[in-house]
Amino acid sequence: MSEQFLRLGVPKGSLQDATLKLFAKAGWKIKLHNRNYFPDIDDDRIKCSLARAQEMSMYVENGTFDVGLTGMDWIKENKSDVVIVDDLIYSKVSNRKARWVLCVKGDSPYKRPEDLEGKKVATELMGFTKEYFASQNINVDVSFSWGTTEAKVVEDLCDAIVEITETGTTIRANGLRIIAELMQTNTQLIANKDAWEDPKKRKLITEINMLLQGALKAEKMVGLKMNLPKEKLADLNGSLPSLNSPTVAELQDPNWLSVEIMVEEMVVRDLIPRLVEFGAEGIIEYPLNKVI
Amino acid sequence: MSEQFLRLGVPKGSLQDATLKLFAKAGWKIKLHNRNYFPDIDDDRIKCSLARAQEMSMYVENGTFDVGLTGMDWIKENKSDVVIVDDLIYSKVSNRKARWVLCVKGDSPYKRPEDLEGKKVATELMGFTKEYFASQNINVDVSFSWGTTEAKVVEDLCDAIVEITETGTTIRANGLRIIAELMQTNTQLIANKDAWEDPKKRKLITEINMLLQGALKAEKMVGLKMNLPKEKLADLNGSLPSLNSPTVAELQDPNWLSVEIMVEEMVVRDLIPRLVEFGAEGIIEYPLNKVI
Amino acid sequence: MSEQFLRLGVPKGSLQDATLKLFAKAGWKIKLHNRNYFPDIDDDRIKCSLARAQEMSMYVENGTFDVGLTGMDWIKENKSDVVIVDDLIYSKVSNRKARWVLCVKGDSPYKRPEDLEGKKVATELMGFTKEYFASQNINVDVSFSWGTTEAKVVEDLCDAIVEITETGTTIRANGLRIIAELMQTNTQLIANKDAWEDPKKRKLITEINMLLQGALKAEKMVGLKMNLPKEKLADLNGSLPSLNSPTVAELQDPNWLSVEIMVEEMVVRDLIPRLVEFGAEGIIEYPLNKVI
Amino acid sequence: MSEQFLRLGVPKGSLQDATLKLFAKAGWKIKLHNRNYFPDIDDDRIKCSLARAQEMSMYVENGTFDVGLTGMDWIKENKSDVVIVDDLIYSKVSNRKARWVLCVKGDSPYKRPEDLEGKKVATELMGFTKEYFASQNINVDVSFSWGTTEAKVVEDLCDAIVEITETGTTIRANGLRIIAELMQTNTQLIANKDAWEDPKKRKLITEINMLLQGALKAEKMVGLKMNLPKEKLADLNGSLPSLNSPTVAELQDPNWLSVEIMVEEMVVRDLIPRLVEFGAEGIIEYPLNKVI
Amino acid sequence: MSEQFLRLGVPKGSLQDATLKLFAKAGWKIKLHNRNYFPDIDDDRIKCSLARAQEMSMYVENGTFDVGLTGMDWIKENKSDVVIVDDLIYSKVSNRKARWVLCVKGDSPYKRPEDLEGKKVATELMGFTKEYFASQNINVDVSFSWGTTEAKVVEDLCDAIVEITETGTTIRANGLRIIAELMQTNTQLIANKDAWEDPKKRKLITEINMLLQGALKAEKMVGLKMNLPKEKLADLNGSLPSLNSPTVAELQDPNWLSVEIMVEEMVVRDLIPRLVEFGAEGIIEYPLNKVI
Amino acid sequence: MSEQFLRLGVPKGSLQDATLKLFAKAGWKIKLHNRNYFPDIDDDRIKCSLARAQEMSMYVENGTFDVGLTGMDWIKENKSDVVIVDDLIYSKVSNRKARWVLCVKGDSPYKRPEDLEGKKVATELMGFTKEYFASQNINVDVSFSWGTTEAKVVEDLCDAIVEITETGTTIRANGLRIIAELMQTNTQLIANKDAWEDPKKRKLITEINMLLQGALKAEKMVGLKMNLPKEKLADLNGSLPSLNSPTVAELQDPNWLSVEIMVEEMVVRDLIPRLVEFGAEGIIEYPLNKVI
């Protein structure tokens, strides 16, 4: 590595807790300090800094950080020239990506973006919003909002807003109506271009990504292990397409095989009854920490 | 399935939390809504409703629900003509079944049910109680109690009560004495008779039961895995009767076998020392999610 | 066993919660009673009593208890003639042993123990402290402290203290300076000498120790399982020295092996990338309850 | 008193906590026992029992209790012949009385009670509901509901329900519509007729009521004290009608008076500005425990 | 009032809870709604909206709100032309005003603002910061910071920051050094100019301020009441200067007076011993809700 | 004061929280620091140290502290020559003093202290216990106990114990029986003899005691204020003996008097009805902070 350590940007705010938990599962303990933006990490090769998700991609682009986590929305807003290493789909209740949507008052006449010609739009994501409307050849007056953005439409401070939402609940609770979805967004692992060209740094970034992905994958998966009559194996592979690459071992009893598979937890309830019909015995399900 | 979905009755009240946890372990997420009695379930084939355990079997009998969970006591009280699919022995501290018992004041002269001839008995389970005394040819005056039933004996509002108890603590704390046990009760998975005759519905109910039972069983069990000298295997099977059906695999080293067993957690502390004496090495214990 | 049961002393106070959790992992449920010093244990062969860690070794020595847990410091302080069965390294944040240290005021002239000739020393561990200074031929006046020992140096009630510390934080927070480490201490499983000579009791004590150690070991370890091309196995054993004694099984596919190892959780993040480079596939990490 | 003590019925359930707090403010500590229905009270003249609000008036009527607290709804349902000593308006968020209302599905055709002719109605308050419909000459089939009553309309198990509500939130959340209010209800202090004729018991009941009312009143009131120029007093009494019966004292300075009043906390924000305009000085507001 | 109601802006964020508590003490209950920015207030003359403290003064200036609460810092930043009704010194632990300070790295060479000539300064308060440096004839490059501003100096993204602090703890924890204090700030009650000219609105704003101030004052004060020998009164007034304007009333006993004073709670421990020496008897201290 | 400050010893352990709350009510804020034995106090004349209650009187005797709080038991155990300034009866649930009692096994033959001749007694309070038995001419073997003292009798490690108890619950829960009460004990405010002779220090100690006692007294008392017809006053004083020294003021209406009294909260429920019978009107009860 051209320097002594890899500088990692940890997003402060709504992504922070999920990020710390994910690194813990992957094998790194990151410890926050009260009123200090430089968390400790138990790996001498890495130094951590907290930064706002809104600013992260700028810091990765300009080399302040070698690698960082942030949303695709702020990468686009900042037009940052960074390496997108991988998508990090954190396990959430909704499992839906967050969306930036264009909303108007519920009882307003606006039905489509073009109805907003000449109107006022408030948003936290100004650059992206301006470009969106420009690309559609719609003239709007875009102004910045510090927050409580929904309230601005309700109080007639603007005609529309561009706001982020996962489930739409807050938007509906304020009596607003979504008329367009402008972007979907998700957490990304991003790297600085020079760091990515440095073989030592790229190797470490790649390993971190491998372990983060392994921990994310294990959250949704479980191990299944069973004994199967040997003559059923071929049929099993043919008829249960989800069973790609089972680990099959001989048992002492020459008529039986041990079959072990890793599957998504949510398919287990459908799979087990089919395995039983198939003749499997001694089926057990066990939890996983990582799946690589 | 003759209809699009299976209607599942979830017991509201004391069984509710245990039921939701059990379904989660079995593979279904049921999500309650505040002030609304129709929980979501993450399976398009099923629709959930909350209902009181007392009323559940009636709704399963009349087809409002295809399948439901409730206690054997209320099935009998309602004389509901339903299919008893299986017993669900929830893991509790006491691990004892709940019992409906006949209690009198601690210092009263009554020793046996027949001593209550001509007396007053209060209970929440009126039908069952009347039948019990009729079957014994004892004349008693049975009246309905809304609750705080123990207090009624203490205050001489009645001579005896029929009440449910797990450990007897509340009964003793009020100075009462149990003179007879009338019924043991336990949670049951029950099905509507027509639903049970519908092949698609029966299949789904059977699969739900298989997974509920698998999750219940895993709560008390762990996996043990060890390496064993090949020549000891026969002895092991002979001398350790609890080891029914171990999964035995060849290792690369031709002198050793890999042996894997599922055992009740509470026997592990006795079993491991015997396995070590026997020559087992590399013993590990790991947790289980389901045992089918 | 010469008596009906093994009498186990459970340390009351700072070790109590960690002790109960450790026994639970090992397979015994110990249940405290409010305002009563005789906890229940779910094993008919054992009776539990609570005792202070300071007095534990005296009770084990005189046979009140057959076996107990306490620190090495109080065994030495009491000069108890007991059998040290094993070290119990509870998993703590610091993972360091506690130390009894000799401390003086930060701005005092004392640099070494011999500088305290003729001075006053306060401690809770009087016997050990007196002997220590006697063995060094240093005359000091040792007095007993009931607690808040650090404050006594700050207020000039004494010139030095002998106090226990894990990380030194409290000592530094009071402006004190450590000039010597007198003893390291750790929790020990100790047994009465006669009990140890009784074959039945020794067998049970040995089994308890085996399971306690198995639970302690599993806290820091995880299981790793992978598929490996058969021709890589020899290389793997040679180049990955941490992989002592993997369990290797044949798979049905004659070119692949199943390799399973137990490793410390903290090396996994370095190990997995090397295994992947090596050609391993389907790597999973899973949690462990016990490693014997 | 004809007997040694006054028997007081304390409502178990939703009214229980509010009742215990009210008695504490009035001057009596009532202490519940776990799993026992006879709370302690720190007054040798009184004995407490817990009873369900639904059954309370029956027990007061038949003399089991001399005095008790329950809702007007269950007094009417039970048609109990008891003395209504006083209304107890507990301070609640809403400050509204609870109401029993007739509800139908939001999208049903029923607009008025008479539209339910020949239909099914479910309720926990059967007697009252039957009488209500009889008095209106409407034939309906009233059936008893154990709870989750709103769900029964939603699932078409009945056409309407009679249910209690304070704010209507649960009713609306289930998509129901209120078509009539049948009764308002409130907590009452009630007494047995014989107890009320016993002079000693009536005296104690009256004193308890005086102190309960004094504590309830003080929750909404504060004390205001001010100095006022003597010549303004007559004007003050004339122009501030809310100031009935101020306590007026001479001050040493013969030109000023001390005026002290007890007022509802919610009028203070309007009153203080008027007092200042009027020439009052040194106005203070202080909290009250009781106002008799 | 020219309109039906007074529009009140409530600051969302760090001031929000303190604001709601203060209004509650003053006599108004403001109730937040989940996911909705229009809290309820129990006064028909007022309508509340939540707004960010940063934007509040703009909304008061343009008439969106008639009156609002925000910090002096953001009033200045926005150069808002509003009426400053009064200072609201919320009771805090520190009781110090917050300060915007100019900070540099602890080990940097900068000692005074002029040392930053030609350097980069980051802040959330851009307008004010630019003007400050312009007024000092210092050329600096001021850039906007979204937050975690201290980190930017540490990471050399800028040379200095202008940041808010109460105690300086966060600044020191990041190793920064304060080289100048640029502004002190405190919560203000502000009004729109037109609203202030409307007699009805000004009257209501003035009353709200009177009650907010009365509640703030009462937090630090208590009432003291005592009986005093008549001949001591003159001496008391002379020798106890803190006792300005006691309320003195005659008692029935012509030799004694009743003396009542409101004093700061923190002087009571010094005052009571002096009052006792002076001959005062029956001294009581009681709590206050408001002091006008 | 001969020195700059008064050194105050604050008891660490079971008395600590109650002590801090009491000083707060009296007017001093004492703030603990984590891992440091020298709390801050908001009075420049005082310096605080934490010390164990067992050692407090020794430090007050030798002048380390000028004043401190500890139990009478440890003053006697240490035979400390200190000034007992006053008793501090902390308000507890039981309101009973703690007692050191002599206990034996419930089924033992010992009935009186003299039955223990030649027996073994364990206690934490060795000096006092030895003297007690010596003064009774009873020979016993007294040994020191670090804690869990009750268990030692149960396990036959001794024949009797001398232990502290408030309600006897722990003693009964272990099946022990009290055969003698040896000492009652209570928290004391104690002073060093020289400090007490220093006029400045004695003055400050006396003031602290006055305010501590004033705060303790106010916890159990409330203020009652009422208007009374003038002709009833003489009768009132005669017939209501609890009303010693009411404060009586003339009202403007020459027929009425204002009467104000401080009474124990627990008599209010009896007093108010009698005052109403007597003709009192406008009775209010209000809370108190201090009563001197």
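First chain written, first letter: the chains are A, B, C, D, E and F, and each begins at residue 1.
We take it that contacts are C-beta pairs under 8 Å (C-beta built on N, C-alpha and C of every residue); 3 or more make two chains touch, one makes a residue touch a chain.
Here's who's who by UniProt: A, B, C, D, E, F = ATP phosphoribosyltransferase.
Quick caveat, the model's predicted, so the values are computed rather than measured.
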Would you kindly count the fewest steps from chain B to chain D, each step being a jump to a chain that touches the current one? 1
Which chains does chain B share as contact partners with chain C? A
Those chains that touch chain F and also touch chain C are none
Rounded Å distance, chain A centre to chain B centre (Cα mean): 40
Whole-Å distance, chain A centre to chain F centre, using C-alpha means? 61
Between chain C and chain E, what's the gap in Å when you average each chain's C-alpha atoms? 54
Contacts with two or more other chains occur in chain F at residues 249-250, 286-287
Based on which chains touch which, is the overall arrangement a line, ring, star, complete graph, or other? other
Can you name every pair of chains that touch? A-B, A-C, A-E, B-C, B-D, C-F, D-E, D-F, E-F
For a test of understanding, state which residues of chain B touch chain C in their complex under the given definition. 222, 227, 249-253, 258, 265-266, 268-269, 272-273, 276, 282-287
Residues on chain C engaged by chain B in the complex (per definition of touch): 26-28, 42-43, 206-207, 210-211, 214, 218, 223, 233, 245, 247-250, 257, 262, 286-292
Within their complex, state which residues of chain D touch chain B. 12, 33-38, 49-52, 54-55, 59, 64, 146-148, 150-151, 154-155, 157, 169-170, 173-174
